[in-house]
Amino acid sequence: MTVSTYFQPDSLPEALALLGEHGPDLLVIAGGTVAMPLINEGISLPAKVMGLRRVGLGGIEQRGDRLAIGAMATLTALTTLQEVPLLAEAARHTASWAVRNMGTVGGNLFTPPPGGDVATALLALDAQVELVGPAGARLLPLSGFWTGFMTTAAGPDELVARIVVPVAPGRHAFVKLGRKAANTPAVVTVAVRAAMDGEAVRDVRIALGAAGPHPLRSAGAEAAVEGRALTPEVIASAAGAAAEDAQPFSDQVASTWYRRRMVGVMVGRALAQLASAEQRGA
Amino acid sequence: MARLRGTGIAAVNYPTGMNLGGDPSQALIHATTSGSFNVVLAAADLGQGLRTVMAQIAAETLGVPYGQIVIQTADTDTGPHDMGTFASRATHRVGNAVKAAAIEAREAVLQLASEELEVSIADLVLDGRGGIQVAGSPQKRRDIADLASRAQFQYGRTIAGRGVYMKPKSDVDPETGAMDPDSTQAYACTVAEVEVDTETGAVAVLSIRSAYEVGQQVNPALVQGQITGGAWMGMSHALYETTEPCYPSRDHSPKDFAGYLMPGMAELPIIEAVVLEVPSSNGPYGVKGVGEMTANSPIPAIVNAIYHACGVRVDSLPVTPEAILRGLDALAQGKGAA
Amino acid sequence: MTAQYHVVGESLERTDGVAHVTGRTLYTADLAFPGMLHLKVVRSPLHHALIRGVDLSAAERVPGFVRALTHADVPHNVYTILGLIGVEPEEEFVLPVDRVRYKGEPIVAILAETEAAAYEAVGKVQLDLEELPAVFDMDEALAPGAPIVTHWGNNTFMYEGHPCRRVRYGDVEAGFAQADHILEGEYRTSPIEHAPLETTGCIAVPEAGRFTVYTNTQAVYFSLDNTSIILGLQPNRLRFIGGTVGGGFGGKVDVIVEPLATLGAMRTGRPVRYVYNRQEEMQVSSTRSAETIRIKDGVMADGTIVARKVTGLADCGAYSRQTPYAITKFAANATGPYRIPNVWVDAYCVYTNRTPTSAMRGFGVTMGHFAIEVQMDKIAERCGIDPWTVRFRNAHRNGDVKPHRKVTSDATLIETMQAAARLVGHGLPPELAAMTSAPRTEWEGER
Amino acid sequence: MASVVVAFELGGRPVEVLVSPLATLQQVLRTQLGHTSVKDGCRQGGCGSCTVLLDGEPVLSCLLPVEDVAGRRVTTLEDLTPVDGLTTVQRAFLDANGFQCGYCTPGMELVTKALLERNPAPTRADIAEALSGNVCRCTGYVPIIAAVEAAAAAGSAAAVVASEGATR
């Protein structure tokens, strides 16, 4: 369809007002890296589109012991984020330079499988999503944000405004397996964040990307390592539990069988990395 | 986890051109008043450098500098008939046509020179730099550019040439398969080294080293371009590419470059090649052809290397990490690979 | 060798190099013409179906819609690609009348003022299709009771009365009887997309009784002649301009876009642009055929191959396009660069409801080489010799007769393998290092 | 559909264009401004052939609504090519035959320029990462890497000459 209007609101309230006015007829795009290809090839035929590049959500600011990342912050902006090296690493492994210059952290939460490497890292970081709607803002744990394949807990009148990430000392590991080294869809992405208590792992969060309809945490793997030293046996047990927890799918890069197998292998590699990681903020 | 290395080899021949219903190409050449030559063709340059190669063949034959040649191609209002750019035929077929046209044009130039210098054509030689001289008397010479100018304005004559090369039609005997399917054959032998990750089944190609024999090379840098690009494409075919990743299900057929898998710069092996030149009997200056064949030998060389690395024989392409992993599982269970 | 020439053999700068590195090279889709319309195609969502009806009414109401082209608009509604050189049958329609045979087959073309309007109108065409059973596997397609894809009652291309291209040379059964080892292998390959960076496309421009077609075809005359037949136009009313192609690899020899675009220009009197988007290039443009290659070799203890039987199946998809010719090339090259005295080849072009296949780099030969060269390694292993030796022992030489009866000439396999061994530092035994491709002596010829 | 006027800077010069809503920068550059070095390989953000520099950063013009670049600085290969001769990067691609069909070349060269501005001596890994969004089907990438390395070497040589000149 020929697009009749492209809205470029200058503020979040203006964006929310447009969303309220036009409702589901309004296609909201952030970096455009997912929506624009569909429009360009006539697969998506929206009449009204709203772009968020001017709403002023591109900033990253400290909020106490947390970092509030504007939803329109680019993936490139994350790549140099020293406060949260796990996020920076995930961003560096996402797509290509030009796509990172356009794609946003908010958009990454909505990237269809197998995407969302940054989202997977955010899940391991126990990030919260700040949703803003007519009733004001609310914070939702990222673990409760996704409700199914390409569905989220965001209301039809809400926008993701920020992602709030705790900044705490600890260790992290990030492993992405693709069929290529760079600019590749994931076979499996694993992000791990943990505090260390001597040799023992505490408060571990193990997030899996491309292993289900959305990024998910492996409760089994977390239970297998929590409070324990990362011995080869413990790692193997966690890897096996993660493979069981995964809800893999088939696509161009991998089958269900291969993905499940690789969840185990990559969780194993991530935990081995965690065991050898130098102490640094995660 | 282990990373296992192996080496594999493969050797191939590749036919130049086909017989089709007869396989012709034509060329026309005419001199401008300034002594440059327009070569008029109908062949497409797919990126391999056809225009460049045809300019070189024309320059060589006419005895003028490369920069004196203008290639004008693929406008059917002006270009003479050409079958098309495929079947590794262009350098051979179109090259032969250009050479024939250039010879005819050269004869016209030599005729003028012989008249002006009052010697027989047999006594004239080209210096390859745009000059014609009497053999043994280098001071008795003419510039082709000057002759071209005088041909137009003084003598009212054309300096032009027509060329055609045709591979005659060869019907296939439906009972025995007897046929003459090509014009000549080029050869390649590739040695590939790989490393297999036994946990992921991923294959890293470490090197693709090849020897080629492609007849006389017209432009060696462009030949290397074909070999290098073909080595990458062969690796891509061997390990990555399919439009039906979930076959026999036709779901998830790729729609974009993210889903249609091909290796990137980070996956590049060392690619190295030596090229032998044994002139063919029927190509212009002895060329054979190199366009298509370069993806061929890398594929089985890589597949053979995988077997030598890890003992898994995969007889289906592409050889995915999953296929290797399933093969390793089968070996571990003592059943042997499928 | 090279020094005898002045220009040939020199790595001179490309004549088009400066234009390429400055981005000044103009490719087909870089051109635009006043009043140019955009052509997009309504494609079958099903793999195999009868066309019960096509309702254009909603599409016609889309602002910017100009007109539709249906099968009734096509003067000679059959793709003629190889028909031009006498290879029948004519089985593919430009726009099908009553049946589609692959997912993505064009049914109706839409011409609109803008690309967006064309896409919108395409989405509004209502198709009434009755789904038919489809077949995606070559062995299934050849089995009794399979859904029939073609209009002549079986799923193979017919080669002068045979369902396959045959090669018969020597006595293959006698060879097997004489052999020390029998080695069988089955090799399978997948369809492959050409994936040129520039998608297939053309722009047809009406000009005073003629049509100029700017195209990225690999063969301007081939495309012109086919378009002329399909549109019933004298060839002199067509002018095809091309020559600069953003990657071909065999995919741009199909003449799919030019006839429809030119027809659009005929019917509207306006320039018409028909350029595949990337998804069309990936999903509906021809691919390299999937192949199944079954090889049975009779081998002597020293690795010498004395007999080879090959059954090759190439999946041409729903329409054969250039594939029948690829199979002839496959059959001609089924022994690779080796001398085998007894050879039997049956090579089939099999129709299924997969995407049509056509030419691609290494046409008919690339996947045969994969099968043959993996088979060679298996022979070496079976005979307990190394992979170099088995290839040298079987290498063809000048003067050897090939199974298709042509006498080998210009052969350099042995010298090429020797060069490869030198390149990688692999020491060859003296008897291999001393070999040449020179014709066999009478004594050597006995075998 | 109401067209709108968008003003931005193209190659150092202000331009104003009348565009339809959500028209992409690629579309406008190619069809309205004649910058056909901006290629059209996929419109999916997957091939890199439409790369332009936006305030010096590589972006994919096929994914970018032109209205989003209002007031910003856009650079294409047309803007960089000197009247006579070639840029260092172009010269390196030409000398290395870092192209065959040429369709990916403008995008490759713009990303190379952006890379070398940030990292004058990139490693192979740096080059592979920076150019990972640019697809080439012809060359096997080897001569493209050679071109980037040659451009880096030429650039640092030029920098040495320039700094020597400055100290004199």
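Chains here go by letter, A, B, C and D, matching the order in which they are written, and residues are numbered from 1 within each.
Everything that follows uses one rule, which is that a residue touches a chain if its C-beta (ideal position, glycine included) is under 8 Å from a C-beta of that chain, and two chains touch if they have at least 3 such contacts.
All values reported here derive from a predicted model rather than from experimental measurement.
Q: Please give the pair of chains with the highest number of C-beta contact pairs.
A: Ranked by C-beta contact count, first place goes to B-C.
Q: On a C-alpha centroid basis, what's the spacing between chain B and chain D, in Å?
A: From the centre of chain B to the centre of chain D is 30 Å.
Q: Using mean CA coordinates as chain centres, what's the gap between chain C and chain D in Å?
A: Each chain's C-alpha centroid was found; their separation is 34 Å.
Q: Calculate how many whole Å lie between the centre of chain A and the centre of chain B, each centre taken as the average of the chain's C-alpha atoms.
A: 47
Q: Would you kindly tell me how far, in whole Å, the mean C-alpha position of chain C lies from that of chain A?
A: The separation of the two C-alpha centroids amounts to 42 Å.
Q: When you check chain D against every other chain, which residues touch at least two of them?
A: Counting only residues that touch two or more other chains, chain D contributes 42-44, 46-47, 97, 99-103, 128-129, 132, 135, 137-138.
Q: Do you know which chain C residues sit against two or more other chains?
A: Touching at least two other chains: 13-14, 16, 195, 245-247, 249, 277-279.
Q: What are the residue numbers in chain B that touch two or more other chains?
A: Chain B, residues with two or more chain partners: 46-47, 49, 221-222, 230, 233, 254-258, 260, 262, 264-266.
Q: Sort the chain contact graph into one of these: line, ring, star, complete or other.
A: Looks like everything touches everything, fully connected.
Q: Going by the contact rule set out above, which residues of chain B touch chain D in the complex?
A: Spelled out, the residues of chain B in touch with chain D are 46-49, 221-222, 225, 228-233, 255-258, 262, 264-266, 268, 271.
Q: Give the list of chain D residues in touch with chain C in this complex.
A: Residue positions touching the partner: 30-31, 36-44, 46-47, 49, 76-78, 81, 86, 90-91, 93-94, 97-106, 109, 135-138.
Q: Would you pull the chain B residues touching chain C in the complex into a rising list?
A: The touching residues are 8-15, 18, 20-21, 42-47, 49, 51-52, 55-57, 59-60, 63, 65-66, 71, 73-77, 79, 81-87, 128-129, 172, 174-182, 184-185, 187-191, 209-213, 215-222, 230, 233, 237, 241-244, 247-248, 250, 253-257, 260, 262, 272-274, 276-281, 285, 288, 291-293, 295-297, 299-301, 303-304, 307, 313, 315-318.
Q: Across the complex, what residues on chain A touch chain B?
A: 37, 177, 179-185, 250-255, 257-258, 261-262, 265
Q: Which residues of chain C touch chain A in their complex?
A: Touch residues, chain C against chain A: 40, 63-64, 114-120, 122-123, 277-279.
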